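Structures follow.
After this come two complexes, each holding chain A, first together with chain B and then together with chain C.
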Partner chain A sequence: MTIAQSLGLNILQLVFVVLLAPVFSGIVARWRENVQFKRGPSIWQPYRDLRKLLSKEDRYSESATWVARFAPYAVCLSPMLVTLLIPVLTSFPLFGAFAGDMLAAGFILAIGSFFLTVAAVDTGIPYGAMGASRTRMVGFLAEPVLIVILFAVSFVANSTIPYIVQQQWVQPPAHFFSPAHVLVLVAFLMLIIAETGRLPVDNPSGHFELAMVDESKVLDFSGPSYALVKWGSSMKSVVLYVIFVNVLLAPWGLAGTPNALALGEAIAVVFVKILVLLALLIAVEASLAKLRLFRIAEYLGAAFVVAVTAMIAAVLAP
Partner chain B sequence: MSNYHAFEPEINALICGFFVLSAFGMVVIRQIGACLTVFIVQSLLLAASAFVLGAEPLSWHLIAVGCVTLLSKPILIPYVLRRLVPREIYTVREISQALDVPTSLLVALGLALIGFALGTRLVGAAPLLAKQNVIVGFASLLIGALVLAVRREAVPQMLGILAMENAAFLAGIAIAPDFPLIAELAIAFDVPLLAFIVSILTRAVYRRVGSTAVGELAALREHPQ
Partner chain C sequence: MSVAIGGSILSCAIIALGISALFGALHAVVVPFSFPLLGQPHFELTRFTGFLTLLLGVVALPTSIYSASYMRRYLGHYAIGGFTGGYLLLLLSMVGIFAAADVVSFLVAWEIMTVASCALVSYEWRRLSRVRAAVAMLVMSEFGTLAAILAFLLAAQPAHSLDFASIERHAHSLSPQAVDAIVALSFFGFGVKAGLLPFNAWLPRAHPEAPANLSALLSAVILNLGLYGILLVNFVLVPQGAMLFGILALAVGSLSAIIGILYATIEDDLKRMLAYSSIENIGIVVAAFGAGGIFFALRRFDLAALGFGAGLWHMLNHSLYKSLLFLGAGAIDARAGTRRVNQLGGLARVMPVTALCFLIGSLAIAAVPPLNGFASEWLTLETLLRSAELGPLAFKIGFVLAGALLALTAALAVTCFVKNYAMTFLSSPRSAAASGVRSDLSAAAGIGMAFLAALCVLAGLFPAHVAQVVDVALPGSLRGQLAQALVPPFLVRGGGGLPSDFLRDFTALGAGIGNGVIPGRGLVLLHRGATANPVVFAMSSTYLAAFSLIILAFMAIAVRVLVRRRPRSAHVWAGGIEPIPPEFEYTATGFSNPVRVIFDAIFHPRTTENTREAIDRHFRVAITRDREDVFVADRIATNPPSIAVRFAANAIARLHHGRLEGYVFYALGALVVAIVAIAL
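Entry: the complex of A and B
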């Protein structure tokens, strides 16, 4: 495979994530209403929202500095960079595969959320600052969970490069089926729920500013910058889904050779796998109530304990 | 069946993973009803492990263990508990605990570490089909003991005992696949009886005192109202 081919496939992955991210948010929004026997918005609604917002004027509060103007780009770019590092469609390493491992992916995603947090304080509205501090609380509790999950993964796969981890779990199936793997999966799922701001950590469809965790940070964004923030956060969710589905949960069905047929098949398979994950997340969301703010520490503490047990199991009972 | 045989340890390993997870679930969950659900899931996992281990090489003892477990723990015990324990107890959201949840989680983590380390030593180089069962069972046994010690409410404490029993069985079916059936039957009748007696006691205590928080029953009451 030539470098041009490899780079081209990497860009195809990027296009897959960038173009399909809004439709996944649309599907989540629709299914969330469907489980309550409501009809729900069209799954194409996020695209319409983006078009509308992109054609409007950008307005910033008087106190806003360059941070608020730059943050939407950081939010949008960080998941796009991560997309280059992870196996979205192919099981063989692409151009950017060895530029960074899963830890780097976590840090790059953290850059985006850092800028969004700072920008929320920068705009000067009180709800923004409140949401920012709450997100940081969730964030700093989620960080050790991620690190320990990576330790557990690296004990199993001897690497934290996503492509190699994925290969490790496909090749001898014995690696895939182990107590450590189950525990890593559950810990990572809990982490995804916390990071993408879903129930029981945060209510994404809540309209009450005092109870918001994630949403209140973007209250003061408007026009194209709001569009970028929305698009970026849906891309961040898709990137997390892809890591979970393709690297940890079901590392099968990716294209093994760089031909068009295999890639088309991989696109379909990955799409279906993410839909299955979304159905699981909706089921979790429909069956749980939102936790009180200070119970979030308990929730993430449980995730941490599960992750550490995964690490213990990986080391002691392989 | 050779194809199945190749996958047997893997399926069993998955079951063991979920088993240790359910042991942690009993530590972290506050509502009594949800604790009971976790216990049902754990018993189902135990039965599944018995069936998987008993299928190849075929062992009727293990399959019988699975059937008895399936009948008594996920069906009979929850039925007894639901019927006899007053319904108000299941609606309590915050049950009283000797340690708060984060602390008990950390203790559970330490116990899991000890359990895994000791379990690995115990198994050693023994030619066992399912080493995972012994290791995970040992860790879950210690976590069950923690549930028993930390919870100060009658029903969750009993669920702790039953969780310990589940964990011991998980280890047992791997060590002794030809366990005499009479012992298994004895335990199968013993455990629902335990549930029955504890439920009746709980009911009586709840009627008299209005609470089943065991911690509050330590002090003697001079003048009952």
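Entry: the complex of A and C
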């Protein structure tokens, strides 16, 4: 494989995530209404929202500094960087894949959240700071879970490079039902729920500012800035889904050679895998109520315990 | 001003000395002078101490430049000349500590440093709190020094010499019990100076009380002296204690890190927050040393190099960003007259230079890529992940727990610095003090801070080059191992001994970009494994930064093309009230409240509730609740002995009752006891 090919394929991965991120948000929104026997919005609605927002005027509060203007770009930047490092479509590493492993990806996602939380205070409304404070609470409680998951993975695969974990982790395939694997999946799923702001941690369709976690940060963003923040956070969700389905859950169905047919097949397979994950998330969401703010600590504490158990199972496994 | 000129010249000299020692161009110096009874002092800078000396100079130079603006606030109140003298003496004594090659010169330089730093902390001697802080620092440091002296004496016993070189040569004949005692004494003794739990209660008191330029040195350099002492005894002189040292360091380090950042997050005083955060960072450094020590004891020298390398690297990064942040906090203090975050706000518009520098420092300390804190914190966690290669189960679980604590610490550090940057510089001013600020400090302060900020960015952008410098500085047998284990020579002509298929694969991925143009071994940090896992971990913030620039430029162009209407600023809507009064804003205390609530068991605050009742005595109308947080090190390690000493002093004071016959009786009693003792 030449350097141009591997660069081109990585750009294709990036395009896949950037262009398809809104449709996954649309599908979630639609399905969530469907399980309540409502019709729900079209799955293309997020694209229409983005077009509308991009044509609107961008308004900043008078107290805002350049941080508020830069933050939306940072929010989009983090998941795009992570996309370059993980196996989205191919099972072989692509251009620049050595620029970060799974641990570095955790730090890279902090770029966006750092700037967004700072910008939320920058807008000058109290809701922004409140949301920022709560997001950080979920953020710092989630971090130990992530590292323990990485320890568990690292004890089995002896590497934190996603391309290598992907090959070593469920090897042989019978290990799919090994306790370490199942528990890591549960812990990571709980982490995804917390990081993407879904029930029971946060209610993305709530309309009451005092009860919001994620959304109240962005109340004062408008127009193109808001479009970028929306787009960026749906990209972040997709990146987490991809890590879950391609690296941890079912590392099968990716393109093994750089030809068009294999890639087309991989795009379809990954799309379907993410749809299955979304169905699972909707099922969780439909069956749980939102937790009180400080019960989130207990929820993530539970995730931590699951992760530690997974790690011990990984150590004790023959 | 004298501090700035004298300090800058001296720092430049120190930098030159450090560089020449680091690259091996320096030889031992024997001073033609001898201590009575204790022999001739001699000084020598090795590559390792040269690295620390260089770091000292690099921090001292911008701090000295900054002083030209900062010290103006003391003109006419306190003698500037006294500060200058103490400051220069402090810098010199630190060079002396690094250069000392025998126990006596080391301790003499150490004591000069301790006394000079305490004198400078109490520089504003008219304020009682300053003097109290200095005394607390002095007393605790001296206890630490005593323990360290004991460790040195034990170590010197088989050598019959106080020379470091001969102690090192004879260390193998120490008994295992002596080694354990040396490890414990030196770890906790020097740990006092390094700010490790449990004996660090002096640190959050003394660091904020000093003038800001001195606080920068205290946190960025003097804490490193404690770490140097720990490494000197446990790694250079007596390396066979590595296992006990490693376990102690890993446990104490990760606990110090989490405790430090918890208190930093809820702290309202900007400088005290930074002091607590120093405890955190030193904790991370020591945890990395601990991992290195355990790997060393298990004879995994490549992994030991990763651990000690990560520690030294984090120490370097901490020195850079912590001095930057202290200088920034000093500028705010000098302008606004308060350090309480709850009363600040909106300073970014009036102090743009300080704001930008403080933001860079905050991003660096929060380990946001691609700044420098990220590289070392990432490497520390990766080193802990290498416990996968250890046999014993207990080590694995211990490393996981330490890793979880450090991950929590890293995430809390993000919270802490989001809070402090945002609440200090953004939104609108929360008090008259903050709204009265008109401008930055003068140019010298800006230059000092910009210098450090630029170093933070550069050290972040070229981690592989910094790793090679750290590699040169590693003491003993580990030198050369870090570069070998971490920086594959992708940019060396012919691949520098890498397997050819590995090199080919990575060239196809772009790792060879810049071959022949960019100096150094490579731009990628990568640890190689066996055949099943050819790469164990990898990272390159150089590549990440390049990708970021391309993506950002692309997004900026796209937005420029797609968006027609230009942005506009408008009032914030607050239910029709304009302008928004300061009371409407979210406070810094509110921001960190989740941390307070969740970790209440650690803070264990004393709260007092005052209820003011209404006239009809039926409805409570107002409750004021006061909360006092006592630092956990105070509660556990400092307060009990201090209470015991006071109790004993009170008991002994009863002997001084003032009646003559009583004193005669004491004299008689003492005589009888003496005679009996002699007779026996």
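General observations
Here is the rule we use: the second predicted complex is superposed on the first by the 311 of 318 C-alpha atoms of A that agree within 3 Å, B and C clash if a C-alpha of one lies under 4 Å from a C-alpha of the other, contacts with A are read in each partner's own complex, and residues count from 1 in each chain.
In the analysis below, a residue touches a chain if its C-beta (ideal position, glycine included) is under 8 Å from a C-beta of that chain, and two chains touch if they have at least 3 such contacts.
Given the structure is predicted, the values throughout are model-derived calculations rather than measurements.
Once chain A of one complex is fitted onto chain A of the other, the partner contacts of A:Thr309 are limited to chain B, with no touch recorded for chain C. In the superposition on chain A, A:Val229 contacts neither chain B nor chain C. By the touch criterion defined above, A:Ile274 lies against neither chain B nor chain C after alignment on the C-alpha atoms of chain A.
In the overlay built on the shared chain, the residue A:Pro179 is in contact with chain B alone; chain C does not reach it.
Taking chain B and chain C in turn and counting the residues of chain A each one touches, the greater count comes from C. Of the two partner chains placed by the overlay, neither chain B nor chain C lies in contact with A:Leu189. In the overlay built on the shared chain, the residue A:Ala110 is in contact with chain C alone; chain B does not reach it. Of the two partner chains placed by superposition, chain B and chain C are both touched by A:Ala297. Overlap of the chain B and chain C interfaces on chain A comprises residues 297, 308, 312, 316. Listing the residues of chain A that touch chain C in their complex gives 1-3, 6-7, 54-65, 67, 69, 73, 76-77, 80-81, 84, 93-101, 103-104, 107-108, 110-111, 113-114, 117-118, 121-126, 128-130, 132-134, 136-137, 139-144, 146-148, 150-151, 154-155, 157-161, 164, 168, 220, 223-224, 228, 293-294, 297, 304, 308, 311-312, 315-316. Of all the residues in chain A, the ones that touch chain B in their complex are 173-174, 176-183, 186, 297-298, 301-302, 305-306, 308-309, 312-313, 316-317. Those residues of chain B whose C-beta lies close enough to touch chain A in the complex are 7, 9-11, 13-14, 16-18, 20-21, 24, 28, 101-102, 105-106, 108-109, 112-113, 116-117, 119-120, 131-132, 135-136. Chain contact summary for the complex, chain C toward chain A: residues 346, 348-349, 355, 359, 363, 366-369, 374, 377-378, 381-382, 385, 387-389, 393, 396-397, 399-400, 403-408, 410-412, 414-415, 418-419, 421-423, 425-428, 506-511, 524, 526, 529, 532-541, 543-544, 547-548, 551-552, 555-556, 559, 562-574, 580, 584-586, 590-595, 597-598.
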